[in-house]
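Chain naming follows the written order as A, B, C and D, and within any one chain the residues start at number 1.
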């Protein structure tokens, strides 16, 4: 009877023996067992398993936009995927409390045996960053010391290939740009609606320019203050302002979940930095970059969806939200309308 | 250059490739991929990794009592170990929220492919139960259908061997029994102290009998209402009543952490039952035992340290706690005294 | 300058002085301060504040169905409200860990001063139960000792009035019953669809009868095995089976969130029972009902939305879900369809 | 029958009516109710209640050192207090998820009505900072705009008084300085032990100087790189290096809990900053200090116990920890020794 014919058991299905054979504490191999090394290994392996799952979900979320069903991206699937990622992030965050039951001295008992291995070498985490949309030129650190320098050639190639594929932020941008809301022409007799004009009346000039003036937006984008294109940002703002309309509910939920995920990664990097600092301290009086310092700066610098947070600055109170033309209003009031490609509207 | 000579990297240290090769979704192998199966596998594997760590900690906690240093069990190490286990339990609890992002229909998409595999077959979880002190005859279910029936012969033997080794509750009992507090003889001229007599005056007769009357305690133990011996229970009560004395701080912390761990397992089984019920429902109108029903009943029945909770019934308000003889009081006030073996006191 | 003219400050807006004047530890008033009483008061007051917020959200969720906008209940608002409640429940659950830093002896130091006050007297919690849909005749305990016996006449009247208003489960039932999916007539030439007939072919007879045979369903409902009407259950099952269709996404999310909230209350009661047991123990060998026992039984018995869990039993694997007629299929594929009142379909 | 004679009920004990009368949404008073304002109020009030409890615990922890029992600070009480604070911090952290169910637009619906009220005006939070040990001259911001500028004169006076009382960090410093470990003279015939000399051999010169060279330490303290005195830091390092010795267990737990609390506040401020940014965005292209920016910088700058983290840099692996003289070693091995005032050792 071959392997594939034997009935599955818990052990054969989950490959428990193989899984539990993956922990090889170096301190034990060296004959000087350090109790906490097992914890160190187990926690990192669990992180890698969660990363695998997160990548699996990100791929699915991306497919929602890459392969829309009947022409419509099924936003609810994307939202479900982001919800799952967020719940995993919460578990990842909680795990720091487990790892921190290891004391700095407990860590020193085996730290020297780790050689050059470092969390910077996690291929899956780099892939997550790329799938979200972190570009090589947006990363911290000098170009002379690229982020993938410690990886194998095969892994470098894998990451480079991933960088050429559309990231989540690219797909978001394209989806936002395809929306029909910025310029709307209703039935004969109804005045045409342009979001640009309506919003100008409700906002201050400075705010308006940053989003609607092409030159000003371009300057800000060049400085890294905006990542998304002007039309994408404008549509995102439209969705935020009219979020109460039934037809925009799922669109708003999507933006909201992307912000939650972004907070999750930021908080994870910040917490990671605190843990590293607790474990290995910090040289005082020197200017050298340390692990916790990198993580702290990356927590701000490597945020992919920061634009969505910045947009909150451009909101106006509900009472000052510009009115929509009656036919568009009616369409959005019914839950039956969802964003349609621009050409279909015309 | 052999494997052991190459410098360790993140990948070679954590055996990342091998680890990430352990997920084999049956639905994919069968050519009908079900998206949620990866999550199902990953979550269960992560549980097994945490179980491995918990066993590693339980072994250390047990060693505190099995191999006391210089004659003293180092309670602080045991407390640290239980703290770590508790923090792992909190993560395990949180993970249910991740698994529950899978819908019942999502589960049905691959459930049929799992064959006879079942969480009941987790060897490590059985081992945890045994290490804590769950005895074969205390388990739920008919003797004709033993808890280890689905395991391999080697695994059955492993569990049987573990059952013959001292469990945590046995070690706790022996430690409590060895304490010197129940009968204390101070310096000449000071009245001897027996906890039994002092407590009798502060408590009701019924409460007193359950703990101090050998026959009554024996009856209750035979019925399963008590697990620990009478002297062990009495010492635990002593520690609880005089917990404010510096010399009893660590002893009390130990009892407290054991209760926290017990709550952790109980809450985990209850939550597990809810998840199972959500995933596969429950046949109504039939009396058949179901997975969630087993888990719910086990959450109460398989508690190992329930005695410590029951003891709360026997406490008296601080104002009515019996006074101690001056020399014992003085000794406990100073943080310099800790439980000593009975013979050393005499 | 009158109060209302002074500019608001943090203190005057939040009434901080008044709020922080609400803690009156009885042990301090009696001149025998017990350190832990402040914690006891603060935790319970925080629970009451959260209960107030939960009631505020439940009222809004109910209004979604009581006052549908343009004839459509805005499900996304209901889902947002349930999401908020679930996040509050998670905080409530976590608070037990804070309260449990109080030891049983610490509690005994002031317990006698609490008089007859008891969590059973929380008006807001009773109101939450009623708003969800717990009926007087479904509550645990003898009729001779009604759940509201310790309340003032005014509070009893308030609860009685609330009991006469539609609860969330009533509104859910009515909404499910109004759905058009059970009997669908498409364009000329397409065979009519009845869910009853289609499901019969995919399921076992017994499962079928419990849901679709009026007599069998009636018997089960009389025994308390079902709470919802047969048509409501059938529509809920339809939504679960076809949850992947874009037009059913929000409907499914609603059912899902109701289950999450139900799990939240169940887990809260179970955890509450464990805490009570830890604090005051349990009389062994007596049959008297105790606080923790009531809470444990209520955690199962007082579940309002248990039907939705039971329905998981009636699901069939995706591959066996009955096909829909082409026109209905097409309508559900587009995100543009949502449940419409039965009459509109005809 | 007067109020004090009536039997206590849940309502009269917890002052439920008064408590639930403290929520006065301005948007309702103005006749334009914004649904989310109740949540906003409730969450802030709950924070204030938790702050009250934290202050109550900090006072007790400080009393452990201010009023040592029989000459010994009862470290276990301090540890219990810090454990409770940490569990409250975890709940405070979790509450952000509840508040973030309010969308930025939901906030804008009532934000204008809040006048000049701001979380900066929380008296209790300022008091917590002072009790921990944040000094006026260590605070962020120009002296011309003091942190208490928006408070009433009475509240300013209260804070100024609190600033003159010993803070937790002062008490920690004094306790560490009083320890006997830095210079130890054993029985005749045993070489005297000075930690300074022993550590010099195990460490690098630079690390050594920062801690043991008075001038170098003084320079670093003047720059704000160290807060604690050199002897206090040295003792803390001693405790960390010999944490495995039973007699140092509680001392080490104390340092560990202080670090956990520090992480808790840091993470809370970081999370707070993210929430503020999500709610109100950030002006781009301007250099103005914003709420989230202040919070983010304070999360690093207002850390009181950062020294304990920095000390991790000065640890050496267990194998290189300097040996102790036999009599000191023996004393620490037994759990019977705890830090004694310097003079008692001599």
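The definition used in the following text is that contacts are C-beta pairs under 8 Å (C-beta built on N, C-alpha and C of every residue); 3 or more make two chains touch, one makes a residue touch a chain.
All of these numbers come straight from a predicted model, not from anything done at the bench.
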Which of A-C and B-C has more C-beta pairs touching across its chains | B-C
Interchain centroid distance [CA atoms averaged], chain B/chain C, Å | 32
Using CA atom averages as chain centres, what separation in Å is found between chain A and chain B?
-> 39
If you look at chain D, which of its residues touch at least two other chains?
-> none
Based on the touch definition given at the start, go ahead and assign the chain network to line, ring, star, complete or other.
-> complete
Quick one: in the complex, what on chain A touches chain C?
-> 69-70, 72, 74-76, 246, 249-250, 253, 333-338
Which bits of chain D are touching chain A when the two form their complex?
-> 32, 100, 103-105, 108-109, 111-112, 210, 220, 223, 225-226, 240-241, 243, 252, 256, 259-260, 263, 266-267, 270-271, 274, 277-285, 309-319
Spell out the residues on chain D that touch chain C in their complex, using ranges where they run on.
-> 7-16, 18-24, 26, 35, 38-39, 41-42, 44-46, 48-50, 52-53, 56, 60, 80, 83-84, 87-88, 90-91, 94-95, 97-98, 101, 113-124, 150
